[in-house]
Amino acid sequence: MPFETRDPAFAERVRRSFDRQGLLKTLGARLERVEPGEVDIALPCAPHVLQQHGFVHAGATISIVDVACGYAALTLMPPGAAVLTAELKVNLLAPAEGERLVARGRVVKPGKTLTVCQGDVYALRGGEERHVATLLATMAVVTGRGFSD
Amino acid sequence: MPFETRDPAFAERVRRSFDRQGLLKTLGARLERVEPGEVDIALPCAPHVLQQHGFVHAGATISIVDVACGYAALTLMPPGAAVLTAELKVNLLAPAEGERLVARGRVVKPGKTLTVCQGDVYALRGGEERHVATLLATMAVVTGRGFSD
Amino acid sequence: MPFETRDPAFAERVRRSFDRQGLLKTLGARLERVEPGEVDIALPCAPHVLQQHGFVHAGATISIVDVACGYAALTLMPPGAAVLTAELKVNLLAPAEGERLVARGRVVKPGKTLTVCQGDVYALRGGEERHVATLLATMAVVTGRGFSD
Amino acid sequence: MPFETRDPAFAERVRRSFDRQGLLKTLGARLERVEPGEVDIALPCAPHVLQQHGFVHAGATISIVDVACGYAALTLMPPGAAVLTAELKVNLLAPAEGERLVARGRVVKPGKTLTVCQGDVYALRGGEERHVATLLATMAVVTGRGFSD
């Protein structure tokens, strides 16, 4: 069933917040798609995000899927709320190599204080997609603490 | 009880492998301590690893504690083996801010094919330490696949 | 894409193994469906599986979805192999109440030594289904240790 | 550092709540120790809690450590609050066999809406203790929803 947003400017809000994230600029992540409860983020597989065997580092893979899930949650929040990752769990299914990764974050269960999200990361290589990671995360909704998204 | 290594050059092996990781150079992570079953990694809290509220990004925090745990597992492996993260789960306990983070990775249960590790991240600020994340991870031992650490 | 089994008697194997589990008998769990890579298990919501607020206990909910995922993995194993849960992570989405729960376990990524599974639990009440839990787990394939499923 | 309780009758509250749990009676679990932020629960290894290979079922092991952590969180709550498990992750380290299991739940970080706990399960056999599981969980504090512990 489709989710309803409580902020008509949800996509603009996600884009502005994304642009303020130093780490995402450092990694080279790009916001690809923002829909209610769904956000996709891409990452080119460049040398500065690799680990010692030449695959994309788990930390970079997890970063983009965590962000995709956090923003998927944010699309359903009222204006003024912020989202922080309370916890996440990720299974790394295959070495991440190719031209780029795409992380797809989805809301499983929205809530007033906690939103549960599910995410997947695919590696794109020569026109083929390989499932490289799957994630389950709990996002905490934060209001009135002096920061917002 | 202390762990026994099966590679007398374990510390040198960890250092060489660490230096080949593009992402760790990008983040500015430093290897601080390598003992059998225990590895510490530090990360200065610089703008290029932050998120939109000015805290260290969860992705950067997770990267260093994942690496600390992976290398803690590697210290107990025979020469020629490599370690890959099979899965990890992290709870983010407090916003990560200060001068730098220190991630401490520890082996809970070593194994022939799987090694379970536990990790914690502390933020150092004005001489005080704050517990900002705790992690539980499964590291897979990989041999004979053409890559080693 | 559909999974291929390596044991034509996979469904019979799962049923026989299920019947040997003391805890499942104690809980009152029933095997509902066995297909390659997919197993469903049901649990009536009786007083002996509840917690203090009258909902099904998280431990009972987790038990049936863990078993559904373990057997989903087993359907893809060669004869003689056994499956043990290496680790699991579950998010409890809503109080589990109703006439009965159904847990659906699915293989996400089969492997020689590790199989990653995903599971969901639904509470059925008055003809309606409510999503009460979602799980991500790593199943370890065990051979030659003197026990099989 | 020791935790402070906000309810002088915390131990009595945990005991009363424990006694109302149908599943714990069914399993045969016993409350062994209740201190601020720390709760231990024991489970005799009887046939009705085993799985098909003769070990204690992961579902039973997880049940007692989840409860130990939930009550460890409850010891720090004000009167009238209830605790529900939001999510948990467990690594099963060794087959659980012996005379009985002991689960030790500990608060890592108490909070107003979320409390993070860590737990361990040990199997006791012939005077020896074996570490069989380790858990990380997020407990949600629930107030004003019509149920309490």
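Just so it is clear, A, B, C and D label the chains in written order, and each chain counts residues from 1 on its own.
By our rule, contacts are C-beta pairs under 8 Å (C-beta built on N, C-alpha and C of every residue); 3 or more make two chains touch, one makes a residue touch a chain.
The model shown is predicted, which means the values in this text are computed figures rather than measured ones.
S.K.: Select, from B-C and C-D, the pair of chains that is joined by more C-beta pairs in contact.
M.R.: C-D
S.K.: Given the pairs A-D, A-C or A-B, which one repeats the contacts seen at B-D for over half of the pairs?
M.R.: Going through A-D, A-C or A-B one by one, only A-C repeats the B-D interface.
S.K.: What whole-number Å value describes the gap between the mean CA coordinates of chain A and chain C?
M.R.: 29
S.K.: Once you find the CA centre of chain B and the CA centre of chain C, what distance in Å lies between them?
M.R.: 33
S.K.: Taking each chain's centre as its mean C-alpha position, how far apart are chain C and chain D in Å?
M.R.: 22
S.K.: Going through chain B residue by residue, note those that touch at least 2 other chains and give them in order.
M.R.: 86-87, 89, 91, 116, 138
S.K.: Note which residues of chain A are touching chain D in the complex, please.
M.R.: Listed in rising order, the residues of chain A that touch chain D are 86-87, 89, 113-114, 116, 138, 140.
S.K.: Which residues, counting only chain B, touch chain A once they are in their complex?
M.R.: 17-18, 20-27, 47-54, 57-60, 62-64, 66-67, 82, 84-92, 95, 147, 149
S.K.: Under the definition above, what is the set of chain C residues touching chain A in their complex?
M.R.: 89, 91, 93-94, 108-109, 116, 118, 131, 134-136, 138
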